[in-house]
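Each of the two complexes below includes chain A, the first together with chain B, the second together with chain C.
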Partner chain A sequence: MPDKPKVAFYWCASCGGCEEAVVDLAEDILKVVEAVDIVLWPVAMDFKKADIAARPDKSVAVAFINGAIRTSEQEEWVHMLRRKAQVVVSFGACANSGGIPALANQFKKEDILKFVYEDCPGIDNPQKIRPQTSTVDEGRTLTLPVLHNMVRSLDQVIEVDYYLPGCPPTPKIIMSAVQAILAGKLPARGTVLSPDIALCEECKRKDSKPADLALAEFKRPHQVQIDPEKCLLAQGLVCMGPATRSGCEALCPSGNMPCTGCFGPTSRVKDQGAKFVSSVFSNIVPKEEKDIDAVLDGIPDPIGTFYRYGLSKCILRRKLN
Partner chain B sequence: MADNNANKQQPNGLPRIGFYICHCGSNIAGTIDVADVAKYAAGLPGVVVSRDYKYMCSDPGQEMIAQDIREHKLERLVVAACSPNLHEETFRKAAAKGGLNSFFFQMVNIREHASWVHEDKKAATAKAKDLARAAVYRVRFHKALEKQQVPVDPNVLVVGGGIAGIHAALTLANAGKKVTLVERESTIGGHMAAFDKTFPTLDCAACILTPKMSAVKSHPNITLWTYSEVSKVEGYVGNYKVTVKRKPRYVIEDLCVGCMECIDACVFKEPKFADKFNQGLGKRKPVYIDFPQATPKVVMIDPETCIQFKTGKCKKSCAEACDRKAIDFDQKEEVKELQVGAIILATGFKTFDAKKEPHYGYGKYPGVFTALEIERLVNASGPTSGEVVLRDGKHPKAVGIIHCVGSRDEKTNKWCSRVCCMYSLKLAHLIKEHSGAEVYNFYIDIRAAGKAYEEFYDKLLSEGVHFIRGRVAEVTDWAMTPEEEGKLVLRVEDTLAGFVRRVPVDMVVLATGLEPQADAQEVRRRFNIGCGNEGFFQERHPKLAPVNTFTDGIFIAGACQSPKDIPDTVAQAGAAAAEALVLIDAGHVELEPNTSHVVEEECCGCKSCVPLCPYTAITFDEAKKKAVINEVICKGCGVCAAACPSGSIRQNLFEDEEIFSEIEGVLGK
Partner chain C sequence: MSFEPKIVAFFCNWCTYTAADLAGVSRLKYAPNVRVIRVMCSGRVDPQFVMDAFAKGADGVLLGGCHPGDCHYAEGNYKTLRRMRMLNRMLKDMGIEDGRFRLEWISGAEGEKVKVTVNDMVAKVRALGPLDMPGKFKEWDKEIEELEAHVNSDAPTEVAHAR
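This part shows the complex of A and B:
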């Protein structure tokens, strides 16, 4: 019996939710484990970097990498995994487009460090000590990874073969991706493994969306009693569904919450946030600047709303000064 | 001509691009080093031929392009020259002549965008290179496109039955086209029908207008719908679907012959109600006809004043008197649909509301009249049979005409209404002729620009009409001297004499200016055309396309476009008819292929695009749950493509890769 294909899971700047998603496969995970050998999975098993480094190049069939790339350590790891793996799957919103960590691209690195180590309420750091990449203590040199200026998506660092979208990817799309990989039935390289059509397509509320939204005000979910049947945009809630790839079976709208866009854009769109801004603000009622501003006041955090998962892929890259 | 074309090979599978830069005499070459740009372009990826030439648009220039396409097997063409507005079509044809699809071509405007707007030759040359590079990068992604042809419906709708609409309708009908003329009042004729004489010839307005009105009614090619309004317009150039509401006049138009026996028989023995046609100076009965030559000559019933409508208990003597049984108290509004290829809007104007200048006392002093009221008073068929009398029946001994009421005024309307000077002169002449009164004209400037207009002014000067140059400050009945007792006094600074005058008169005539119709905005939206700041309909070009609009197939004529006199109105109506004929006789229209389309399998049916289309080209297919763009209506504005949140709308010639590569090109080095 030939060796089972070897699979690696790795995490970069992420919350751990993508790891949960793998566990969320429930009994299906047994089928996966039966079919493959897991050679790396830091969240669940103990492996050392040297173990992977020692493997021959291309000896790993698939590396699933989640999380954005923020530090030099993450960058080193993914370069190594790229060398060892035949197929690299960018797993989840952070790896695909920066995700929540990429919201840091709104701020300079210095401002972030200053806030976190000095100004943040609850910090007690009178000497203003900051983490250093290299520290000598009792004759020993300790190192920490370098924090990059910018949070990047995985494909801005290494070549990526496939993408699994979502925050996190849903068990259904993970399972179908795994099955496709095991069966060797993969689409063209670079494909996002989820239907290339926007979410409204599979949303139960679709028919209740009026042709003319005529948005007069925006509301946030906690400010309104949400009608469980009616299109969320029609209720003045920012639902990113029209600008977001489907595949999750409209999980959030089905749970009476607007889509926040975690599956990213369709293949035709370069910049999900810009595209949705262009679309939804074309549909607001007021025509005078002051009235328009009043409507926009309903969205206190536009970047966090429209680029919640995609700031690394924003055409405007980051704040420099 | 520099030779930059030494047998270049194409190693990288890029399309073979030809680059051409025009000197445009010295228009471009005077500021831009064209040979240097051509040399630079020769080194850009994909460029296999790069030439500069004195006049690219000339026959030899075009021939050179066609020749090169064949010889060098060019697959893309970039021409850096003037504005695409001027010569895009020229070079598209040159491409076609060489056997290349016309849309494998990109034009670079280095004249208006570089040589004409810069003086620094080095910087202008560098900019020309940047623009050239952008086009070279972009043109790779161009696709072969075809212009679509759609047939044109030969029928025409004319909206508005004033002299403009009448003239346009008759011109088209005489050319053998079927015309529907829709007029919202009960008769055609418009403002002109209310005038007595016309300046400067003083020929009788009715004498020249009524034959044209009858010709409209009797013309086999004209369908006349009065008391009707267009409520909806759908479709596109050559193929408009128009919905018209025919309001009930409570008289069956086909049966009524205009004998007016019903009017005699009305239970109201005497006319009692203000007569709109006579500006309220005369009276009519509930059943009435505007004026004897009204066209169609059909009576109508005003439900606001008719006893039968108000109480349901009239003995209906009018209906009894009608032996043709034409009176129908139960008549309902009718909705008709029309299919036409072109539409001419001739919806006219309204006059300025004199009450908005309260210091002139209109509505307060009975001796103050508007010019239109005077038109009716001096008219032989008017309420006083041409006698100029005050509202109390007395004859005025002195009359003051105030020019520019609601014109040339920062506070009301800034524009000159163009006709008031001349009609004021005409009314001065007629008032003097009819009443022998002293007539004073209070003017800012006399604007008598028109054939024989200045001569008419001279004639008035010799007739003893007084002219006082100055804007009247107020009209008052407050007498300061015994001579002013019982008079209206016009207080004015005589700017020629240099002091303030008080001129006592019995009658004041306000030369009210011309304004857009009250519903001009609604109408322009209904017909999807533009209007200027002041509200008059916007022509496509103020000089070179004065009757066209930005919506193909919709033309404008007369005072709906701007204030104008009868000769100009008729000339414009003729021009609009000619433009409509051009469209119809071509038989089809060619559509630019820069349209957008929805990629059906990519569309999620979110409808975001549907309300945004300014041309209502997008509909939602309820069966498929997808948006659909009618490419015949689409004008290629790109709004939908930009707004489609899932990028499922593509616009020809503006696809993402074309735009991004162009940006990359213009920013690159």
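This part shows the complex of A and C:
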């Protein structure tokens, strides 16, 4: 019997939700486990770095990597996995575009460390001790990874072959990707493994989305009684559907919440946030600066709203200074 | 060497570009720092274009269109105004100074306004200094150059994460 293809899972700056998504495959996970040989999966199995380092180059068929890259340790791991794997799949929003961790690109590293280790209300650290990359304790040197100045997507650090979008990717798109990989039926390198059309196309509320949105006000979900049938954008809620790739089957609008954009943009769009602004804000009602500004005030945090999962992939990449 | 700002200008075909033409025909002198890109309407300019211009090295971006009510396509410039009000907020949040991006309505008859606007913008951007996003990108990525070579060397030793 020929060897089963070897598969590695790895996590970087992530919340564990992408691991959960793999477990959420439920019975399907058994089919996966049967078909492949898992050689690395830190959340579930006890393999060490040395085990992977000892493998010949390109001996792992596929590496699924989730999480953004923030530390030198993550960086080192992904370079190693790139070397060992034939195919690298960027798994989930954080790996694809920085995800929630990338919101930290609005702040300087020093400000983050100062807040976390000194100013945060829950901290008790009178000596203002900060983690050090190297500490000598009883004659032994202990090291910690370097925290980089910014959060990067996986493809800003290594070459990526395919992308699975979502926060986290849904069982359906994971399974179809796994099946395509096992069958050797993969599309062109660089493809995002989810339909290349806007989310609105698969949203049940689509028919109530007017061609001309004519929005006079933006509201946040807690401020309104949300109509369960009508297009959320038409109700004045920031629904990222028009600038987001489909594939999740409009999970959030189906649950009566606006899409926050976790699947990232379609292939024609370079910058999801800027594109959303382009398409939706052109159609707000007012024509005078002052009235326009009053409508825009309804969105107090534009960067955090339009780049909730993708600030690493904003054309500008991070806040300056 | 003194700093010469690079300004990318998107001018709509029907008004501002015509005005820039008029400024030329009238031999009005204005700062040579603008690279004009003609678009059919200011409404064609996606906020992505503005960000991309900065990312590719522009120190300033100027967007010119017809006066409100005069857009050749009726509503194009209103769409522009609304988008760009939001873009302004986003650029500010991303640390790009006020004055690096500017929207002006300049009709086909206002050659003089092209001159005044360009000169004023060049002076202000010169005072702000270079933006140099391509240089910043390079600088930012220096922190991830070292490890790649280390991991891909043929005899990787246990890596010292501390640097």
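Here are a few things to note about the model shown:
Criterion: the second predicted complex is superposed on the first by the 320 of 321 C-alpha atoms of A that agree within 3 Å, B and C clash if a C-alpha of one lies under 4 Å from a C-alpha of the other, contacts with A are read in each partner's own complex, and residues count from 1 in each chain.
Here is the rule we go by: a contact is a pair of C-beta atoms (placed from the backbone, for glycine too) under 8 Å apart; a residue touches a chain by one contact, two chains touch by 3 or more.
Note that this is a predicted model, so its numbers are computed, not measured.
In the superposition on chain A, contact is made by A:53 with chain C only, not with chain B.
In the superposed model, A:271 makes contact with chain C only, not with chain B. Residue contacts after overlaying the shared chain place A:287 against chain C, while chain B stays out of touching range. After superposition on the shared chain, chain A has more residues touched by C, the comparison being chain B against chain C.
When the two structures are aligned on the shared chain, A:296 is found in touch with chain C, with no touch to chain B. Contact with chain B, but none with chain C, is seen for A:243 once the two complexes are overlaid on the shared chain. With both structures placed on the common chain, the touch criterion links A:200 to chain B but leaves chain C unconnected. Applying the stated contact rule after C-alpha superposition, one finds that A:143 touches chain C and leaves chain B untouched. In the superposition on chain A, A:209 makes contact with chain B only, while chain C stays out of contact range. With both structures placed on the common chain, the touch criterion links A:29 to neither chain B nor chain C. The intersection of chain A residues touching chain B with those touching chain C, taken from the two complexes, comprises 269-270, 275, 278, 282-283. By the touch criterion given at the top, residues 43, 46-48, 50-52, 54-55, 68, 78-83, 85-87, 89-90, 93-96, 133, 136-137, 140, 143-144, 147-148, 150-152, 156, 159-163 of chain C touch chain A in their complex. In the complex of the two chains, the chain A residues touching chain C come out as 53, 69, 72-73, 75-76, 79-80, 83, 106, 133-134, 143-146, 148-150, 152, 157, 269-271, 273-275, 277-278, 281-284, 286-287, 289, 292-293, 296, 302-303, 306, 314-321.
Across the complex, chain A is touched by residues 601-608, 610-612, 620, 625, 639, 642-648, 656, 660 of chain B. The residues of chain A lying in touch with chain B in their complex are 196-201, 206, 209-214, 241-243, 246, 265-270, 275-276, 278-280, 282-283.
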